[in-house]
Amino acid sequence: MNEFFHLMKTELIVTIIIFLLLFIKLGKDIKNEQLLPFIQFVLLVNFIASFFYNVDGSLFGDMFYTNSLIAFEKSILSLGVYLISLLSTDWLKKTSHLPEFFILMLSALLGMCLLLSSGNLLIFYLSLELATIPIAAMSNFDLIKKRSSEAAMKMILSSAFSSGILLFGISLIYGITGTIVFAELPKLADGSSLFIMAFVFLFSSFAFKLSIVPFHLWTADVYEGSPIAVTSFLSVVSKAAIAFVLLTVLSGVFQPLQDIWYVLIVVLSVASMLIGNLFALRQENIKRFLAFSSIAQVGFILVGVSGNSNIGISSVVYFMLIYMVSNLAAFGVASVISEQTGKENISDYKGLYKNNPLLGWVLALALFSLAGIPPTAGFFGKLYLLTTGGAKGSYLFISIAALNMIISLFYYLRVVRAVFIDKNDQPIEKLTIQLPVKLALFVCSVSIVLLGIMGWIFDHIESLH
Amino acid sequence: MNLLLLLGIPLLTGLLVLLVSTKVQVRWVSFVGATAQLIASFLLFFAFRTEIADQNTAQFLFEVDYTLIESFNIHFHLGVDGISVAMILLTSFVVVAGILVSWNIEKMTKEFYFLLILLSLGAYGFFLSLDLFVLFFFLEMAVIPKYLLIGIWGSGKKDYSANKLALMLMGGSALILVGMLGLYFIGGHEFNIVHLSKLTISTDYQHLIFPFLFLGFGVFTALFPFHTWVPDGHSSAPTAGSMFLAGISMKLGGYGCLRVAIYLLPEGAKEYAHIIIVLSSIAILYGAFVTMMQKDLKYMNAYSSISHVGFSLLAMAMLTQTAITGALMQMISHGLMTALFFAVIGMIYDRTHTRMVDEMGGLMKTMPFITTVFFLVGFCSLGLPGLSGFVAEMTVFVGSWQVDDWFHRAATIAAIMSIVVTAVYILRAIGSTAMGPIKNPSFATLKDATWNEKLAAVILLIGIIGIGIAPSWLSNLLKPAAEIITNRIMGK
Amino acid sequence: MPNVLNILLIPLLPFVNFLLLGLFGKTYLKKSAPIIGTVLMLASAFLAFQTAYEYFFVYGKVGEVYQQLMPLKLTWLVFAPGMQIDMGLMIDPISVMMLIVVTFISLMVHLYSLGYMKGDGRIATYYSFLGLFTFSMLGLVLATNIFQMYIFWELVGVSSFLLIGYYYDKPSAVAACKKAFIVTRFADFGFLIGILTFAYCGGSFDIPTLISALTSPDSNELKTAIGYSFVGVSAISWGAILIFIGGAGKSAMFPLHIWLPDAMEGPTPVSALIHAATMVVAGVYLVARLFPIFSIAAPAVLEIVGWVGVISAVIAAIIACTQTDIKRVLAYSTMSQIGFMMFALGVAKYGGEAGLGFTASLFHLFTHAIFKALLFLGAGAVIHYVHSNEMKDMGGLRKNMPITHTCFLIACLAIAGVPPFAGFFSKEEILLAAFHHNRVIYYIALFTSGLTAFYMFRLYFSIFWNREHSAHDSAHQDHARHGEGGWVMMLPLVLLAIGSAVAGFVPFGHFISSDNQILELPFHLLFSIAPVLIGITGITIALIMYKTSNDLPAKWSAQLNGMYQLAYHKFYIDELYLLLTKKVIFNLIGNASAWIDQHIVNAMINAAGTITQQFSEAIKKLQSGKVQQYGIYFFTSVIIIVVVLIYVWN
Amino acid sequence: MEPGIYHLLFISTALFFIGVFGFFTRRNLITMLMSIELILNSVNLNFIAFNKYVWPGKMDGLFFSIFIIAIAAAEAAVAIAIIINLYRSHQSINVETAEDLKF
């Protein structure tokens, strides 16, 4: 029993918070101004708690298992949620359904935690749905905005379709092997055509959630239409969770097929980088811009995945952490600006630095980190990904990845140029930044600077295996 | 001598610049920091000389080694040999001068100085590091400050130039990255330059990886035909930006070509030396001819930089000890000279508000100091004895002439021919700006250099004349290091 | 034994002058600058004469052979073992002779400039440049190492550049200084490659080492150097040719002479010092310095030297006959006289009697320096007086400027080869050497010396006789106020005139010969008849044409129309060069390179960006916004991946 | 004729493709949702068929299909809520009315 509490600690805490919020909702209305700090505090507690009492083990006949790496990944997710709750303060204070929003978000988080720990395909499927459906609802949270509902519609339909494909694949796997337990699958997996087909069906669902080209088409539309808090959740937390699971599934369950999926990953990685970058070049809306940039980033993550080694897993986890703080910083700035001025276009950012130097620096730092420019952490993240990906010795692959860094630098610099260089007669006036937002931006910036230079963090992740 | 000091001073200066409030404080903090760094560089130089005099035969001195990331075998590994010491001296000279000439920047002063110092930090780190990863880190770190310096404080078509510069340099570093990772895997997960230099890497691999590394660093040092960022970048950059760009940043590339590409992959260097020689001979002559046709002083100096840097690439590819020493001397000399050149152009531009050669004239009458410096630096550029350019070029020529076959001889003659063309464009620039009648009546009332400009010019002139009059200290500093490189090329 | 400090101070004192006046001349030493310069030069000249005396009469000779001494040799820069630049002092007959010439003429010019440049605002700069020039020229003369020589060679070039462009606000002066620098630079390109080739052959930059390696018949270096050939010419010959190109550039030999006439844009004392007496003979000195190599290892090149010299001599003399600017006439005359020195070297052999040409050449160098400096300083006095360079503005000045007139006449007689003035003796030896060695050269030279007498006296009569000014008297009165320029200007003239008169009696062969042994200069009275006669004929024709104003010159030039125009336009060599540089180098190469850079190299880089952008625009339709289409892409991709993985890859 | 596994699989595959086809061609959002339900049902059929004929000893397939039915219901609930909201803002449940977000 004690083991149950230890192993499912994060899930339990998240569940408790969800119920707590439900009860609060049932009770009489509390003003957002009072409720929000409380929620933020609780989420902080959740994040801090995720570091303690982590033990390895499994439950329910291996349906649920956890280890220190998974626990660390869960901490990253909790951190992401906490930071989002801070960064979106402006928007959250205005929203009329604050508890519901967090109930949905935490449900999704719960789904993701379960997903990371899932030990068989059933739990995997259930938690995946749990991690997806609430996000679709969240996308619609700007109830009166047309774009928000369009985004939600696209999200739910696409994800339902993709889970249909996923299920078809799972059913085939079940038909071939007779088992849905991860631990048994590698032994039973044969290289038959049907199995490969089932694998591709299954993989497409991952690709869909990670927005790997050519399964990425929903991404930009949904990112653009959703509220920024949701967009950042979608692009950071959700993506991180799926990436972590993809690592375990590919290198664990589908190890026998590794020659096949290596090729697949390489091709899709190149495609993602190219398409993501090429689309990002022309974007005007900052959210849409970040959507395509995140597609390109996923291409980079796949470089690390292709390495198929422990150090590759560490690099991906490390990179996701860096990617999270960088992207959240960018989204945080976008959110502040969007909430206070309603401006979301890159051209509106011209001359931002003049009145808002802090926002300008944070945004620049975040974008440099995304572009992989030292001394920001993004440089280290990307380099480690390339280093592990290069272990297979495919110079062409590494070269394409490196060349894509040039294209991506171009469009990141476009934003930097707007912020620092371009002239504007009516720049965005001085914005007030709320304390929680400031705190979160500070945390993100400091992490962006320090995560890379402090090499022991990577070594720590590496030691978790 | 602890090498961390050399990184610590700029880092501290940068942080202080961010902390202080007024523009005056920013300037003085930067200036004091840069001067302290200059003193530290001299301390390093003397400490290095003492060690050498004490028969310390280690390849790299004052090594510092901290494990950065164990899993990847990345070390924060610093150390210096003669080449690094010389490069660090060069950098600290240019930095002090650059900070001095920027004294009157009023727009976003704090940011400006911070970026300058960040850029210099990148250069110092680059010259100090003995670990490829750290080296690459510092190399890349210097890219974005350049972009911002040009973009924010630049002039002309600065957007285009800044973008071109950042993207082309990024392209260069992408190539370096690939080459570096290649070395890493071939060397058995090793980024350490010292260890890598002890390995015997199979010839095929060397042939494969060498182009990546050399071209990559070549982009930084304006290897033809990847030089096109140079003219636009330099001409749009603010004065100090151009000085740093040409004086320091282009040297990063040259240093990398030598230290990483040629030193670690000697077989590759031998294989591709012919191509490099052809490209750099083209760069030398073609750069000189294009310079001759320019009307804008900054474009002129930018193209002449392409031509001058071509000398060092040419000399490197000759693969003899004298030539490599010459290449390094040329890098140092060109760094000082071109920084001064840009400084002078900046001073002239600040006053006349034009950089067009044919709009000026007779400036000698109103600004004797500036034009005298202009004369001196022009003479340095065309290789006048007593100034550093001569010594460097002669070492290059003598070194190149040692390789006796028609191909190398022809390349050397082509290179020597460029000194005539250099004379043509330098005299044209000097003749139509400083000499002749005053064309624009408003120029008759211009003021001569201010104290900070004078100090900047004098500091760089000390370097130029110091090398020009007594070159052997520099030559002796560089030669042992060059010998190690040539020994590896010869397979000793 | 030589006193190192004394010798060292000879070049260093002018250098101190340069530094002192260059740094503080505008501020602290504004008044005293000329005096400081002159005093330092005086000291330097004194030391030079002392050194010369001691060398020639005290310690220089060991058993009838003058020793080559190197009292000081400091390593300056080591390129590779054996290949190093040394900075040293070389004391041997020719360098000591040159020391005297340079310091003496320089002193005269310093002195003269006190008057000539009086009241010029930048006189401190002027004196510091003079100091720089003298320093560099002395360094060149004293060089022990061929690279040291090159270094000072370049410095000499740059100080010449600075002094020609001294009147920097005159566009013609700016153009002239640029031209001078670039043309000599072009020649130096050859010189440098020549040095590299010599060093490659001889394995050293050290002059004595080089000479011994490349002249002793059994040395390996020489054998390889001769064996190694390029387009049928041996490496050593290539080296010698290239080095001679360097010398020809500096000495304004045809066809690299075009800068010299333009260089007259500089102040006249500068022309006297640099472009008449010292710098322009550096080419002669260079060949003389390396004479053993030329003579023994590359005799064919020496032949070339001879022909280039004599061609330059005659061409310059012809042009000089038609020029109207007095300084230009003197410039061409300089070129012509240097041609004499060159071909004298060309007709010499190493050692003994055959080395007559060598001695003669340097003898002529010595005498020419004196009388040509005198001519220039005299012309300077005239120009100072009439404020014009043109002959038509002069005439009848003999009464106004008696001292100048006398001195000028002595110099003209000297250069025309009228005994017993200096020029007669040296030219005599040259002609004698040519007569024994190469008759064609001898006849051309004879003709040239006639021309020399003619144009010199054309100059002389035009300035001092010709029209008797009545109309211009008032103007002359105006000029006359500053008279001939005071004693500081007249003293050098008188001293030089004395020199021109007596220098020929120096037993030159006792001091200088190709092998440093004493050579009795032969003197045949019968042989002298032809040159002297021809000289007198030239003078007579000039007398008829120019003594009084008449229409003979106009008539004759009309008769010789084509020839005259050709010579008047300097054989259109300038135009040819202009065509070559403007059309070929600027338009064909320069513009083409610039075009390629913009439209090909740069365009390629830009195209990479544009193509990416356009591609990005072209594929934007993929993201159609239709969720069903997304589904189709999704499903199709799945199917394609399955098919590819199963059928193609597996 | 006793229906065998191939018959069942044929039906499920047909259902799957009918669902996919419907998802691609129908313009009405509710109908598209129904098409997805068809896909899910084909998967259910698959699971049951495999469970009965291939792996009769295991119960995984049965459980799986029960969970799928449950999740499908949840999904449909959220989807319909979203569609209703879309109807409020767009006055239509035609998928083509909601194509503002593109490129």
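By written order: A, B, C and D. Residues from 1 in each chain.
In this section, a residue touches a chain if its C-beta (ideal position, glycine included) is under 8 Å from a C-beta of that chain, and two chains touch if they have at least 3 such contacts.
Note that the structure is a prediction, hence the values are computed from the model and not measured.
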(request) In contact with subunit A and with subunit D at once: which chains are those? Just list them. (result) C
(message) With centres defined from CA atoms, tell me which chain sits nearest the overall protein centre.
(response) B
(message) Can you work out the whole-Å distance between the CA centroids of subunit A and subunit B?
(response) 42
(message) Report the inter-centroid distance (CA atoms only) between subunit A and subunit C in whole Å.
(response) 77
(message) Please tell me the distance, in whole Å, between the geometric centres of subunit B and subunit D computed from their C-alpha atoms.
(response) 66
(message) Using Cα averages as centroids, what's the distance between subunit C and subunit D in whole Å?
(response) 98
(request) Would you give the residues of subunit A that are in contact with at least 2 other chains, written as numbers and ranges? (result) 153-154, 157, 161, 165, 220-221, 282, 410
(request) Could you list which residues of subunit D touch at least two other chains? (result) 23, 32, 95, 98-103
(message) If I count partner chains per residue in subunit C, which residues reach a count of at least 2?
(response) 609, 620, 623, 625, 627, 631, 635
(request) If two chains touch, include that pair; go through all of them. (result) A-B, A-C, A-D, B-C, C-D
(message) So in the complex, the part of subunit C that touches subunit A is made up of which residues?
(response) 609, 612-613, 615-617, 619-620, 622-623, 625, 627, 629-631, 633-635, 637-638, 641-642, 645-646, 649-650
(message) Give the list of subunit A residues in touch with subunit D in this complex.
(response) 121-122, 125-126, 129, 133, 136-137, 140, 143-147, 149-154, 156-157, 160-161, 163-165, 167-168, 170-172, 174-175, 178-180, 220-221, 224-225, 282
(request) Note which residues of subunit B are touching subunit C in the complex, please. (result) 164, 167-168, 224-229, 286, 289-290, 292-294, 321-322, 325, 362, 364-365, 368, 379, 382-386, 390-391, 394-395, 397-399, 401-402, 404, 406, 412-413, 416-417, 419-420, 423-424, 427-428, 431, 434-438, 470-472, 475-476
(request) Using the touch definition up top, name the residues of subunit D that touch subunit C in the complex. (result) 20, 23-25, 32, 95-96, 98-103
(message) If we count contacts the way the header does, which residues on subunit C are in touch with subunit B in the complex?
(response) 26, 75-80, 83, 85, 147, 150-152, 154-155, 158, 161, 165, 168-171, 173-175, 177-178, 181-182, 185-186, 188-189, 192-193, 196, 199-200, 230, 586, 589-591, 593-594, 596-597, 601-602, 604-605, 609
